[in-house]
Structure formats: structure tokens, C-alpha cells
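The same chain A turns up in both complexes below, where it pairs with chain B and then with chain C.
And then the complex of A and B:
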């Protein structure tokens, strides 16, 4: 198991290196120059930046400089926001995105597993139809629509109660986090529900569940000990990418709810061609995704004994 | 008549199934899978239910055990009485669970019949915890003992392993250990050896016979393998298209076969005796459509001796002796044809 983990980590590092390289060369092929924009930039600043990143050197030299900085954990300084290091941007804003993401993932997983199991058990009956209708709806409607609608409902709710039960936007307390987390996790929850449903249906009609019934095991115990654990496997498999997707893909929700997360800076950087911020956040997000996939793979081994053996 | 003999006569049979019929709703219509099945089993007896795939043998026992998903399945008539009390549609009898405690069951494919994420020991311990209120530790220790009885070496170590670490034969032993854990009075074995290779088959059958001798439980053995029947059974019920076509002691059914289908099965059985020069003869055709079962004998489309009557009227029970009957019009007194290869009552 330990060997497996180490092997996966090494593979992960290579993957991250690929991501960093691809981002670097992609950025170099983007037309435009962040140093020529409306804001006046002194010749000295320009010279300093060119010297630091070797911008007047050949691409290969720039690549070596970039990698050297990366290994030392230095993502550089923002081209457009003066005196702000990319590391600082990540350090300040990623925790906000991460907390929001974790809440959303928890909501998505618990909801997905629960609703998926319910729809399978009540297959082709009313609960199944109702839940699957909501699921299709939440997959089809884009998150900014749901975000705006939920804000609207919050306004009405607060008006009816007469005080602010849940704030409409902003960040700081748990009340601020609840609704954005649900909106952010909704799509993933719907996806996991469908996954769990099909997996559960397969398990319900499997031979070993029939064996458990023939042993006279009560339905609740069959559900908990025989069905759930086996049906949850595919959900766990996609959980790694899902965590990363939620944590890194939240900028729409962050924007609508005025949450100071990392996603906003990422989008801004792309608009302003802020090379260092784009490359820094892309590599960081990439590394995060790779890491989450590894964590889930290792976790998988604890749930499925067949994986543990290898 | 002595007093014990009298008591034996009045005591209800261990299990008595009467006129059991099961249907399934499908998109194509209603499938009449089992169309009126009767049989009895008593303590220490082995009843074999024989027939080809789809003849309703598994559905019969699964209906009894409440293992048929309803819907789409439906028990349309019949009763199954355990010691005289009805069990169909019930889970408990005199506050004792039927499934697992009164009747144990093992299945065809041990590879898929065990939970892949639970240890073997935990799975054997489960019925003990559920039915007997054992603590986890008690139940697990009992599971190790049961594995030992089922002739699994190093039972204590093996109990902590998962199904994927076992071979097919060992898994079936574990299944047996699980099925007998609560000392059931009946063990239902649904094609227990079909998925195993021949040497392992023999060991599994021996194990079942040994356990039967020890505990006096009844065995209902479902199979299409006549070799297994000859080795294990006291009584045989031959099923075809959802009905029993011949029923009798194993010797009667094998050596005094009185139904053309039983004969067809025997001819289709491979043999390794070179002196017999036996040619494997398949039964031509295929079983009738159970969406619309024929009004007469189910076998008549494939039967070499079929008469016009067979098409329209279901044969009565013709008793060759008290414990041996065949449902075939050839046994009627007016039948013009009495084929040599069949056994008839007046044959000396």
C-alpha cells in the first residue's frame, strides 16, 4: 500500500511537470504583450521584469528560468497588479475557494449517495420520478441561473421573516457559505445521483444481495452492509476529479455571491494577459487535481479489499 | 399399531408444497413460469428437482423462500407448509425467521453469491447475529468452527479473508457453512455444483451428505445433472415447462422411467462406459412458450409418442405404484401405443 502511494505520488509529479510545460508554451503562443497596455510602465520596471524572467532571452532559457522558480515554489509577481506575488494571491484566496469547495463536495456526496440509493430502491415509483426530475433540471440549468434564483429566494425569505436569516452575498460566517456551497455542489450532486442510481440498481439485483436475503438479513441491514458499500465504489472513483472540479470551477458562483475566492483572480488574469498569475494558478489547480485523484485512489484501497492487495 | 408409529402418521410432514404457481409480468406479456407444483420432503430426505433450464425449478424454491422480486413476480396459487404451517408470503413462523434459520439456501455461482467487500467470516457470522442474537465475537468464533466443519483448512486465518482470495470450491464450502449456521431443518441447494469442476463437485456433494447424516436436515437439490441426482437423491421430481411430469423414488425414475421426457433426459446424458456404445441423443426442438402454455401436455411438441389427445388435454396423474406417478396419456388404459422403452404398470 505504501509502495503504491509513493508510486502514485511520483507519477503525479511527472503529470504536474507536463501541465506546467504545456501552460508555459501555450502562454508563449498567445498573441499580445501584458507590458504594453494603458497603464504607463517605466522603462526601468520593464527592464527589471525582462531581466527577472529573461524575456529578452530565447524561449528555452525562459523555460529553464520558469522551471527553476517553480521548483523553488516561486510563481513570480503579477504583471498587472503591482507588487503582488502570485504566491500571496493563492495563499489569500485559495482557502476561501477550498472551504466553499469542501462544503459543496460534502453536500454533493451526501446528497448524491442518498438520493441515488433512494431512486434505485423506489425505482419507477414516485420518489424516483421526483428526484430524477430535479436531477435532470439541475444538470441542465447553468449554475449562474440557479445562483441568481437562489439569491432572489433569499431576498424574499429575509423579507418574509423580517430579518437577515441568510445573507444574499458576501463572505465570513457559516451563514454566508451555506447557499453558495449548495449552488456550487448541485451539478455534481445531480451527476453523482445518476451514477449512484445505476450502480445501486446493479447491486440490488446481484447474487450476493439475494444470498443476504436468503440468510434472513433484515432490509435495513442489507442496505447498510451489503448494498451501500458495494454501490458506492463508482461514486468514490469520480470523487477525486469532482472535488478538484468544484474547488477550481467555482468562479461563476464566487462572482455572483461576491466571494473573494481564487477563481475570480484566475478569470481576471486571463482577461488581462497576466502571464505569471495565469501560469501560477493553472499549475496550482493542476497540481491540486492530481493530488486529489491520488488521495481518492489511495482511499479506494481502504474500501475495496481487492484493490488493497496490489 | 404401536404408539410411535401412530404419532409418526399424524405428525405433519416437514415441508409440503401444493399446487404452487408463479407468474412474471414482462413487457412481452405474462410468463407462467411455474404452473402447479406439488412435492413433500421429510427429515433426512433428499428430494431432487430435475429439469432443463427455464423449466421453473429455481423459481419454485425461490418463491417458497420469498426471493422472487414482486413485482414483476407473483405467486398466483398454492401453499407451502412447514410442519403444517403456511410459509408462503411470510417471513416468520412461530417467531422464528424462516429464511436462514428454518431453511438455508446455497446457490449456483459461489463466485458472485458472496459479498466481495465483506470477509468470509463476517458473512457466515451474520445469520447467527441476526437470528440467534450472538455477539459479534461469539458469532465470528462460531463461523470459524463452521468453516472447519465444512473442511476448510486453517479456518481461523481463512475467516478473515475476502471472497476473492478463495477458490470456487472453497467459496461453495463457505456458502454451505453459512447456510447451515443456524441449523436449519431444510437445506435448499440450487444447482450447487454447476459452476464447479468435476472433482470439486464430488467433494461438495460428499460434504452435503455428511452434514445431512449429522444433522438430519432435509435437502432439496435442484439440478439438471442426472449424475448428481443418482448420487444424492432419495426421491426425484422431473419438471418440464413449469409442471412436474414424473415423480418417484430415484430407482423408479431411473430404472422404471415412465415419462418420455425422463427418457429423453437419460438419453441425452453422457456416459463413460465404453461397453454401452451409447450415443448422445439430444431432445429435438425447444420447450414451449410459457407466455401461452399449451393446453395439453407441455412436452407433446417434442415427444416422439405424442397423440392427438396430448395436444388438447393435460394428462392426469397415472400412478405406477403408490409413490411413483407419471403425467402422460400413454399410461391411459385406452392408449393404443405402449412403447417398449417406457415402463408401464402392467409390465411384469
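And then the complex of A and C:
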């Protein structure tokens, strides 16, 4: 198990290096001069920056400088905000995205497992139809439309009640987080529900469930001990990529609900072509996602011993 | 061994009917088609897809309205609104009317979408006036609305409003200003019903009436018809939805075809060659998979850059292909590796089949089903990606319409004119739903191994 973990971590480091390299060359390819900005730049500043990033040197040298900075954890200073380090920006805004993401993942997993199991048990009956209808709806409607519509319904809810039950936008309290997290997790929840449903259907008709039934185990116990525990396995495998989908899907929700997360910041940086912030956040996000996938895979190895054999 | 007689080697008597086929043999595709036809949901979604393609390709031939033309008389009109307008004289400047009867704030003439002309008597104690317009009457909070003009003398007592007037009810107020331009407490308000008008010249120019027919001032005519209303710049929604469909479906269908093709070539090469090359190629695919998809879509889009006057469709296509191929490559490689070990391949090889025959006769037909299903499922996600990028302003550049960019524009005014958001969002949703259901149906019909457990 330790060997497996170490192997996965090494692979992860190479992957992060690949992400960093792809980011560097993509940004290097952006037309225009990064130092020509709206703000006037003095000759000294320009010279300093050129020296720092080796902009007068060949690409290979720039790349080496970039990698060296990266290894030392130096993402540079924002091009559009004076004296603001990219590290500070990440430190300030990532926790917001992370909290939103964790809530969304929790909502998606609990909802997906629960609804998936329900649809399988009530197969071809009313709860199945209702849940699957909602699932198909949330797969087909773009996330920004769902976000906008839920914001709209929050407005009318607050109007009907006559006071602010749940705030429409912003960040700070748990009330602010509830609806955005649900909107963010909805797509993943729909996906997990479908997965859980087909996995559960397979389990329901399996031999060990029949055995348990025939020896008189109460249905609730069969559900909890035999069916749920086995059917949940495929859900755990896709949790890594699901977390990835949720974290990068956060842009839209953060934009619509005016949440000061890293995703909104990234979009802003892209619109202003803030080189260091774009590169820093991309590499950071990439590393985070790779790490999350590894964590989920290793955890899965603990839960299901069959994985370790591979 | 001695009891084997020559008779033992005589052919058995052919038993009639034993080898006969009870039903005509079906090819793989015939079988798949029958299964698909039996699946109601898949069939309906197939019709929907065909309908969408017709809407995109044949629609502009039937509904010949330029999606870029602005109808400024009908801005942000929801579908089905009354489109009659009164014909009036050409606009003439106005400098107030000294002999206007009445007192207080009053209209100098009937309010039209051409101009609203108000006149008032100086408010007591005022050293100037400010004119406001609002959609609601001035209430307790003294919300006057948009300030339109201010006059720092008590001699100018008239104002003409020509700012973005639409048919409907407006509330104009005049508020007294103090010596230093500060707002005083006293004000007057009137309710104004604005009528939609057009001039003879405009009507002729837009082709609303025949050149020969006689149009008089005071006639009622119908403005151009917009079945799905207009957007915030007065452009026809139906025409824009058709033009947007061309962009969205071009990316949504074109990109999956390209990246699936690339993935098939890459994956089958890796699967065929095998060994170290295979390892290396698949490791590379693994790295590309690990790139955060949306972040790199944005990154590649800015890396390719959009020149002035370009729509940005091509960079998006390239970025999608560059990032999305590995999933197909993995799938096809797995298929090839699996098929390579199948009995019928060995049998074929034993019978002397060449590699090219194996590929053409066995490998390609056997992977085609999986590839088709992959394309069908890739289309909705490509459409979503386009919509998402256009939504955050990183997609298709205006004025080129796409469903994503139209939703992005519509979302800004969704409280007042929801149709500008609803229509493009509806088209995205229907398309995505149709392709998802069609994909489910195709998977069930084409691939026995992936058949759904429903």
C-alpha cells in the first residue's frame, strides 16, 4: 500500500510538471508583450522584470527560470495589482472556493447515493420517475441558467416572506453558501445518481442479497449492510474526477452569486491578461486536482483491497 | 484401432432443415436500427436532432431575416406583443411653446416614441429645475428615476425627451433646485402614456408597406414581425437563434468528430504497435487528461488569440480537439487490445487473412459502434463547453451569435425581458437532452457489453 501511494505521488509530481510546462508554453504563445500594460511602466521596472523573468533571454532560459521559481513556491507578483503576490491572492481566495467545493461535493455525494439507491429500490415507480426527471433536467440545463434561475427564485422567496431568508449573493455566513453549493453540486449529483442507480440495480439482483433475504435479514439491514455498501464502490472511484469537475465548475457559480473565490479571480485575471496570476492559479488548480485524485485513489485502495492488486 | 471401417468416413446424410435459418440473417447495423426503433425515447430524440439540424440548415432559407439588422422601434420585445404603430410626420426640433394652455407640469403634445415634450411653470422657491423619468410613480422614498436634464435658471421651463423611448407608461417629474444646485423638497409629477410611432420614410425604408401604396400621417401600420421577439439591440431573435445554432452546432458537432477521429487514430496506433511505444503514447494521453479542462480551454483560447473581426470559432474548435481526445484514445485502445485477443481474429489469421483485411473487416466495424456512442455523448459536453466559455466572455466574440453568448446577454436583463434568456437556454437544453437520450439509445442498440441495466 505504501509502495502504491509513493508510486502515485511520483506520477502526480510528473503530471504537475507537465501541467506547468503546458501552462508556460501556452502563455508564452499569447500574442503581445506582457510588459505593455494600461499602466505606464518605468524603464527601471521594465528592466527589473525583464531581468527577473529573463525576458531578454531565449525561451529555454525563461522556462528554466520559471521552473526554478515554481519549485521554490514563487508564483510571482500580480501584473495588474500593485505589490500583490500571487501566493497572497491564492491564500486569500482559495479557502472560499474550497469551502464552497467541499459543501458541493458533500451535497452531490450524499444526494447522489441516496437518490440513486431510492430510484433503484422504487424502480419504475413514482419516486424513480420523479428523481430521474430531475436528474435529466439538471444534466440538460446549463449551469449558469440553473444558477440564474435559483437566484431568481431566491429573490421571489425573500419577497414572499418579506425578509431576507437566504441572501441572493455574497459570501460570509452559512446562509450565503447553501444555495450556491447546491447549484454547484447539482450536475455531479445527477451523474452520481445515474451511476448509483445502475450499480444498485446490479446489486439488488445479486446472489448474496437473495441469500440474505432468504435467511430472514430485515430489509433495512440488507439495504444498509449489503446493498448500499457494495453499490457505493463505483461512486467512490469517480469521486476524484467529480471533485475536479466541481472545483473548475465553480467559476460560473462564483460569478453569478458574486462569491470572492479563486475561480472568479481567475476569470478576472484572464480578462485583464494578468500573466502571473493566470499561470499561478492554473498550476495551483492543476496540482490541487492531481492531488485530490491521488487521495481518492489511495483511499479507495484502503476500502477495496482488489484495487491494490493491480 | 482396427475396428475403423471405411464406412465410418462416409459423409452423414444431410438432415433436411437442420441447418436452415428460421429468420433472415441480420447485419450488425440492421439489428442496431431495429433496437433503436423499438426504443421510444431514442427515436423521439433522433427526430429532435433531425429537427434541430433542419432548423439550423434550412431555417435561414425560410426565415430570411438578417440576424444583424437592428429594429430600433422594437427593442427587447417579447414574442407576441402588439406591433402596431402610428404614422407621424418627420421629426422637427422643438423649443418650447409659449402659449401652451394649462398649469403645472404638462405635456406639450401627445407623447410618442419619437419624443416626449413637457413644459411646466416655475416651482415656488426654485432657482432651477431637474427633470426625471421613471417607470414607477414617485413614492414615499422620493425615487424620481433617471435624471434627464437640469436647468440652472428659472426661464427654461420645457424639456424634450428622446432617450430610448418605448411604448408604455412613464412618470415624469420636475424637481426644484436650490441656489447651489441642491434638490429641494417640492416637485411635480405627471403620468405619460407613450405611443409607438414611425415616420413614412422609415416605413418605406424598412419595407413595411408597398412602394405604391399611399401612406398618410395618422394611419396605423404594423411594424416588422418578430415571431420570437427581439433582443436588447432590436435584433430578431429567431434569426439570431438560427445563426447561433450554426455556431453552436458547428462547434458542438464538429469538435467531437475531429477529436474522436484523432483519438481513434492515436488509440488504435497505440493498441496496434503495443510494447514501449504504446506505454509512452498512453502515458502522454494520461498527462493530457490531467490538465484541468476548463482552465486550459481558456488558456488555449487566449494563446491562439482573436484578431479584430474574427469570431473566435476556430480557436475554440482547436482548443477543444487538443484537450478532449485522450478519452476516446483510451477507449479505442482498450477495444483494439480486447478484439486482438478474440477467437474470431485468430480464426481469421489461421485462414490466412492479411493485417489490412483484419483491420478493415474486423477491427473497424467492431469499434465503430463504440466510437459512434462516444461522439454522441461528446456532443452535449462540447455544446456545454461552448456555452460556458461564451458565458464568461471567453467564447465566440460579438457580434457573432451563439446560444452561449445569447444567454450571456439575456441573463443581464432576465428580470425585465426573460425571453432573451429563455429561448437560447431552451435550445441548449433541448439539444443537450436530445443528444444524451440518443446516446443512451445508441449505446443500448450498438453495444451489447455496455448495455444499460434498465
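The definition used in the following text is that the second predicted complex is superposed on the first by the 306 of 310 C-alpha atoms of A that agree within 3 Å, B and C clash if a C-alpha of one lies under 4 Å from a C-alpha of the other, contacts with A are read in each partner's own complex, and residues count from 1 in each chain.
Criterion: contacts are C-beta pairs under 8 Å (C-beta built on N, C-alpha and C of every residue); 3 or more make two chains touch, one makes a residue touch a chain.
Treat the numbers as computed from the prediction; the structure is a model and nothing was measured.
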Self-check item: Superposition on chain A - do chain B and chain C clash or fit
Solution: fit
Practice problem: Name the contact category of A:229: first (chain B only), second (chain C only), both, or neither. | Solution: first
Quiz item: In the combined three-chain arrangement, what's the angle at chain A toward chain B and chain C (CA centres, steps of 10°)?
Solution: 100
Practice problem: Report for A:18: first if it touches chain B alone, second if chain C alone, otherwise both or neither. | Solution: second
Exercise. Would you sort A:213 into first (chain B), second (chain C), both or neither based on which partner it touches?
Key: first
Practice problem: In the overlay, answer first, second, both or neither for which of chain B and chain C A:258 touches. | Solution: neither
Quiz item: Between chain B (first) and chain C (second), which, if any, makes contact with A:221: first, second, both or neither?
Solution: first
Self-check item: Partner with the higher number of touched chain A residues, chain C or chain B
Solution: C
Quiz item: Now for A:304: first (chain B), second (chain C), both, or neither, which partner does it touch?
Solution: first
Quiz item: Tell me, in angstrom, the smallest C-alpha to C-alpha distance between chain B and chain C in the overlaid model?
Solution: 9
Quiz item: Which parts of chain A are touched by chain B and by chain C alike?
Solution: none
Practice problem: Over in the complex, which chain B residues touch chain A? Could you list them? | Solution: 65-67, 69, 91, 97-101, 104-105, 107, 109, 112-118, 126-127, 130-131, 162, 164, 175, 178-179
Quiz item: Any idea which chain A residues touch chain C in the complex?
Solution: 14-15, 18-19, 22-23, 26-27, 29-31, 136, 139-145, 148, 152, 198, 201-202, 244, 248-249, 251-252, 255, 266-267, 270-271, 273, 278, 281-282, 285-286, 289-290, 293
Quiz item: Where on chain A does chain B make contact in their complex?
Solution: 205-208, 210-218, 221, 225-226, 229-230, 303-306
Quiz prompt | Interfacial residue positions of chain C with respect to chain A in the complex | solution = 286-287, 290-296, 298-300, 302-305, 380, 384, 387-388, 391-394, 404, 407-408, 411, 414-415, 421, 425, 428-430, 432-433, 436, 452-454
